[in-house]
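In what follows, chain A forms one complex with chain B and a second complex with chain C.
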Partner chain A sequence: MPVLFWTDILIFVLVAVVTAFFFYARRREHLRAPWRQVSRSGVAMGSVVVLAFYATVALLDSLHFRPVLGDRGEDGRVQYAHEVLSVFDLLATSIRTRDEKTYSAPFAAFLYAKETVELPDGRQERRYPRLRHGGSHLQNPDEDKIGDIIATSVFASVKGLLVWSGSCTVLLLLLAGRTRKNLGVVFEDVTRGRTHTRWRSILVTLGFLLVVSFVAADLSAKYHILGTDKVGEDVFYQTLKSIRTGLVIGTLTTLVMLPFAILLGIMAGYFRGWVDDVIQYVYTTLSSIPGVLLIAAAVLILQVYLDNHAEQFASVAERADLRLLFLCLILGVTSWTSLCRYLRGETLKLREIDYIQAAEALGVRHFSIISRHILPNVMHIVLITVVLDFSGLVLAEAVLSYVQIGVDPTMNSWGNMINSARLEMAREPIVWWSLFAAFVFMFTLVLSANLFSDALRDAFDPRMRRQP
Partner chain B sequence: MIAYITRRALYAIPILLGVNLLTFFLFFVVNSPDDIARSQLGDRRVTAEAIEHWKRAHGYHRPLIINGDSQGFGRITDTVFFDKSVRLFAFDFGSSDSGRDIGYDISQRMWPSLAIAVPTLLVGVMVNVTFALGIVFFRGTYVDFWGVVVCVMLLSVSSLFYIIGGQYLLSKLLHLVPISGYDTGVNALKFLVLPVIVGVISGIGSGTRWYRTLFLEEIEKDYVRTARAKGLSEQLVLFRHVLRNALIPLLTGIVVLLPLLFMGSLIVESFFGVPGLGSYTIDGIQRQDFAIVRSMVFLGSVLYILGLILTDISYTMADPRVRLN
Partner chain C sequence: MNDNVLLSVSGLSTHVGIGAQPIRAVDGVSFDLKRGETFALLGESGCGKSMTALSLMRLLPASGRIVAGAVRLGSRNLLKLSEVEMRRVRGGGMTMIFQEPMTSLNPVLPVGTQIAEALRLHAESAGGGSRQRVLELLRAVRIPDPDRRIDEYPHQLSGGMKQRVMVAIALAGNPELLIADEPTTALDVTIQAQVLDLMRHLQKERGMAIFLITHDLGVVAEMAHRIAVMYAGEIVEQADRSSFFSRPMHPYSRKLFDSLPTLSRREQRLKVIKGDVPALQHRFTGCRFASRCDHVMPMCWRQPPTWHAADAEQKVLCHLYGTQTHTPQFSGSVNGGGDRPSLEPDRSVVEPLLEVDALRVHFPIRKGVFKRTVGQVRAVDGVDLDLGRGRTLALVGESGCGKTTVGKGILQLVRPTSGSVRYEDTELTRLAYSGLRRRRSDLQIIFQDPFSSMNPRMLVGDIISEGMKALGLTATPAQRRQKMERLLRQVSLPGDSAGRYPHEFSGGQRQRISIARALAVEPRLIICDEPTSALDISVQAQILNLLRELQQQAGISYIFITHNMSVVSYIADEIAVMYLGRIVEKGEVVDILRAPQHPYTQALLSAIPALDPATKRAVIRLQGDIPSPSNPPSGCHFHPRCPQAMAICRQSYPRRVRLDDRRYVSCHLFDADAGQQ
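Moving on, here comes the complex of A and B:
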């Protein structure tokens, strides 16, 4: 039975909007031009591939449902489990369900903590017990492990490379068909980086990611490749689940604040007078409250509300989802003010330009002037702001969760992972793998988002645009 | 000048009133004082008497905005809004939900905050400007390219990792400084080193990149070309002409931050166990102490507006072309 969370709905809306824009912009040269410039940047295209990988995981993780229980109920109807799963959970069943007792290091075959084990002859001894799942197929872990890991990785890399070369061939054939060139010529163009779109960096990144994910998938079937956490849950699974949280915060926040920012910013700049005064007053007031404090205040209030209305939520996941959505809303409230200010300034400038004066003189209605003349001319600011804000929001999630005003503690997120791992810093030997996993995944996401947004800004900002 | 400042200060009043109304709405209208009391007392089956007692003890028992039972001014003054919100204008913060005097706590706790924030800002600006000037000096070369790449990488790391990494490296592995804590007087010094270092390093990425853009904007202007045409050396152009002119946006960018330094940094202070205003706020948030959070929201807004006014003033001082009117 499918389950739709609020954030799921908004994610699908976002996907629909992006797809619609893609088809709309495809046939309009002035909209395509800056994108084409972005596609000329190798770094940006590599980042796009990385971002696409993250987005795929997040989308798979957004298709929620309640699985069917094996036995039918008394009245013969199909029974659904109480627990809400996603398609991604289904794909990752093997790492999701194989829990250990407590911490274990990456690739470990033994538990992190010593336990009293009863030997066959009745004596008791304290030693590191074997893991229930991690490396349990090995007879003699100390000797066989390295060889097994290498063999599995090599085999998986070969699989990954096969898939990669398959997709390369398809792409080359498509390119050759479109440009009506010889396949060999196309191959040489791509490898020398002479194509218009930087296919070379796309393919190199894709190959790297495919190999890494195949190796990770095959190894995680046998080991906990990033270890397990305090309650024995696989850290690799946790960090993959956190991707959705990070992306939701990064994208939905801007999605919910955009309508306000665009509408109010343009209205203030266009109508001036008392409208301008009121809107300026509103955003000055909001922006004068330090962001963290406003978020803290709002989340505290939400907490009180949730405490007092616990009966309204069907499941913990639904409650956590509502909190996530609310966090997006409140982050949106704190971040729309700067965009609003930019748009107001830009509209004030645009308003004095001749073609808008002409439109006004010809008696075009306000609404048409705004939607046909002003809005298209400020969209580049909106786009740049949205993309630039993304990485900041992903980072903010971690900090807010640390302060305990972020996402729900039951929700998988990098902030929660860091927060719980931080308390284990004092242990000896140090429990580093949760931090490491969160670091690697966050860093990759934020770095590629930053690189992509830089290229995007260069392409869209008229001040930066280079003459072709 | 004085007329301008007065006018700006008067403008601040409606904004602060707005802030107050907003926080009042958030804290008392979305959730009634009863809800707050119930969540503070922690049990769902709290008796009405216990709630009433808690409200009376913390001054939430009055009507919200208009008190119909009182006479004259009492109709307005004898309310939660007046008692909890309007009083903030006189910087009378009242007492926290746990019964301590907030004003006294703030006056005690702002010094540790400043002791960390001021050196972090000063050292940070010096380090960033030096790096940015170095990158600009080698602009268009591999140094420039890799400098920017390193900056982007540095700013892609969450500030939490800088703190954890710093604590692990300097305190746990090298045993140079204590992991966290604070002390009074000169003894505080050894506790300050690590937060300041971490603060500076975590700001290098964004800071250096920002200053680099400032310098590059400046370096394309006509007067720089003239200076080069006169035959001045690149160092002289960079340090005497570019740096001085870029100081205007640089300084004003710093001035706007100055008042907010009082507030301290939330995460740095709570990670390092520094008893400053940042950790005070975090404690307030985690203990769900609404009085503290409300006071800090107000204080933060006042300081923010103060920063904006100071920025305008510093513009006129740094750049004689700017006139306030």
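Moving on, here comes the complex of A and C:
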């Protein structure tokens, strides 16, 4: 039975909006031109592939459902499990269900803690016991492990490369069909980087990602490649699940703040006078309150509400989801001020420009002037801010969860992983892999988002536009 | 080489842009510049003037490069020097000043420091950057009160003073050659006269040569000893001043003269140069001007023309002069039309369309947390105007005098502080938003800058039909499309324009789109805010012809806001001269141009560079700049600059004196009660 969480709905709305904009912009030259410049940047296109990889995981993880239970109920109707799963969970069943007892290091075959084990001869000894799943196929882990890892990796790489060359061929054929060129010519164009869109960087990044994911998938079927946490859950699975949380915070927050920022910013700049004064005072006041305070207060109040009304929610996941959505809302409310200020300034400038004056002289109504003349001409600022804010918000989630006013503790998120790592790092011997996993995945996401936004700003910001 | 030649340029070619088809911005330019003379390079925008100057200085943009030729300053070929040696030549041997004084100075350093820096770079002796030398230079460029100005920052100086500081910096290295790239284009006429006068004076004093780049025939006539006309990357005519102005030889030069609007051409259409400047990407097989020339011959298409010397001073690059059998016949003389129309003003009574009475637009200056009003910028301070049906009123004055604000105040784009604007029987100032919208179609505006006056993200078709849609003038989209096609034909734009974006059009074409947009709502009055000042002379002629035609066909009235007197003399019926928010003189155009009464009008007219030295009035030099409208001088606003100021001028603002039924002037000189005249 499909289950729709609030954040799922909003994510799919966002996807629909982006797709609609894509088709709208395709037919308009002035909207296409800057995007085409972005596509000429190799770094940006590489980042896009990485971001697309993250987005795919997050989208798969946003298709929630309750699985069918094997036995039918008394009245013969299909029974559904209480637990809510996502399509991604289904794909990752093998690593999701293979729990260990407690900590184990990456690629370990033994637990990270000593246990008292009864030997066949009846003696008891304290030693590291074998893991239930990680490396359990090996007879003699100490000797066979390295060889097994290498063999599995090589085999998986070959699979990855095969898939990659298959997708390359399909792409080259498509390109050749579209440009009506010889396949050999297209191949040369792509490898020399002479195409308009930087297919070369796309394909190289794609190849790298494919190989890495195949290797990771094959290895994680046999080992816990990023270890396990305190309750024995696979860290690799946790960090993959955290992707959705990070992306939801990064995108939905902007979705929340955009209406505020755009509406108020443009109104302040366009109508001036007392409207401007009121809006200015509102955002000046709001931005003087420390954001963390506001967020802490709001989140704690919500938590009290959730605890007192537990019966309203069908599942734990639903409660956690509501808290996530609320966090997006409150982050949005505290972060719209800077965009609003930019937009007000830009609108003040645009308002005096001749074509706005001409429209006014032609008797065009305020609403049409704003929607037809001002909004399209400030959209580049909105876009640049949204993309730049994205990485900041992903990092903000980590910080907020670390101080425990972020997402629900039951929800997988990089912030929660870092929070639990606080104790793990203090342990002797230390458990470093949770923090490491969160760091690597967050770093990759934020880095590619930042590289992409740099290219985007170069293309969209008129002040940075170079002479052709 | 002749000792007298300072700078010798031969076969200079500069390409801009990379790839297979670079733009040949300068294509084989050769000329000699003698010591102590002013050599003017004349041409329209995009013909390669500035690129020539930048090539001489070797300051080309990153994508530009000199591909051939030699530039000799004295005995040295500048193109062979290393960058280090070249840096010594710049500023020392020759130096350059630019069009825009606002952006040429560093805003965070006092001007004295910036001049001292230039002095330190070039002065050989120790103590080159001393305050004494800086003050000397400031005095040399006639900056009043140099002791105070030396420590001021650029924003505290007016445009004219900034340009003088630029000249001072240029003089720091004692250059033999000053390259001036449109040095006065951004300045007002009275300030332009001051700067040009200064340059002439410095030239005489220091024996410096000036390489003057301009598009303004008047400036050329005032300044130049010799002239080169540039067209599409090459020089097409070289002559000394008197031969050039009495007998321009190249068809292009003649066309430039013919397209100048003047009083005597009022009754005719202005001559225009058909077509556009050709793209400079490809090589030319024949004459570059052939496609636009009225005298084109078959051979013009086939082979490039060669130089023909008319006499020692004048030579031209044109086939017309090569064939002995054919002597070119041009109609008309340079300074006037063939048959002189009657220039008597039309005294017939016209119905009034618009009456403006005591219009005031003040902008409050606010300060502090509570935005208390601490003062007023009196941009418009009591302006009276009236305009008849089908008439044209020119509102003239220097920048900052409030002309544009009057226009916006009439349209209620800026709500007036007080006063009345009566259009037919409606008082516009009292109309609320919706009432005003119903009147919007009657009054329209055309702006100066053809680039900022259209939303770059809208199709031309949408831009033109926006007003029709907003005001619900046409019922169906089909009607709208029909009307739009008619409008495009009317302003002679290609029929497929509607589906294109504004950036695909040239400046003149964009101005036509603006006109079409205004016409779409069938206005009775159009306020033209400097509609031609961003355009070249030949394009200006096209726009003026179009406006004139529309007036004759549809009886539209214009309020023409401009500082260009030659445009005024061509198109206007009446003139109102503004100074610091008030009208100082108003009357029929012929009366005012022939016999200006107010000292400011006289000075304004005398400052305009004249083409024909014979008709040149004695220049009345105005001191200083326009005062700030937030703090106007007491009494008559003009008295601090007025050469004829009297005691009473400091005390009271003069009342309006009627000279005849159409003419008045606000000056104590004409006020019988003030006991003068």
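Going forward, the second predicted complex is superposed on the first by the 468 of 468 C-alpha atoms of A that agree within 3 Å, B and C clash if a C-alpha of one lies under 4 Å from a C-alpha of the other, contacts with A are read in each partner's own complex, and residues count from 1 in each chain.
Just so we're on the same page, a contact is a pair of C-beta atoms (placed from the backbone, for glycine too) under 8 Å apart; a residue touches a chain by one contact, two chains touch by 3 or more.
This structure is a prediction, so every number in the text was calculated from the model and none was measured.
Residue contacts after overlaying the shared chain place A:L435 against chain B, while chain C stays out of touching range.
When the two structures are aligned on the shared chain, A:Q404 is found in touch with chain B, with no touch to chain C. Of the two partner chains placed around the shared chain by superposition, neither chain B nor chain C is touched by A:E424. In the superposition on chain A, A:V304 makes contact with chain B only, not with chain C. Which of chain B and chain C touches more residues of chain A is settled by the count: it is B.
By the touch criterion defined above, A:N450 reaches chain B but does not reach chain C. Within the superposed three-chain model, A:R372 lies in touch with chain C and out of touch with chain B [touch as defined at top].
In the superposed model, A:T285 makes contact with chain B only, not with chain C. With both structures placed on the common chain, the touch criterion links A:A296 to chain B but leaves chain C unconnected. In the superposition on chain A, A:V364 makes contact with chain C only, while chain B stays out of contact range. No residue of chain A is contacted both by chain B in one complex and by chain C in the other. Considering their complex, residues 63, 371, 408, 411, 413, 436-438, 440-441, 443-445, 447-449, 452-458, 466-467, 470-471, 501, 514, 517-518, 521 of chain C touch chain A.
By the touch rule above, chain A contacts chain B in their complex via residues 281-282, 284-290, 292-294, 296-298, 300-301, 303-305, 307-308, 391, 395, 398-399, 402-405, 414, 418, 422, 425, 430, 435, 439, 442-443, 446-447, 450-451, 454. Residues 29-30, 277, 353-355, 357-365, 368, 372-373, 376-377, 467 of chain A touch chain C in their complex.
On the side of chain B, the complex with chain A involves touching residues 14-16, 18-19, 22-23, 26-27, 30-31, 35-36, 38-39, 152-153, 155-161, 164, 167-168, 172, 260, 263, 266-267, 270, 281-282, 285-286, 288, 290, 293-294, 296-297, 300-301, 304-305.
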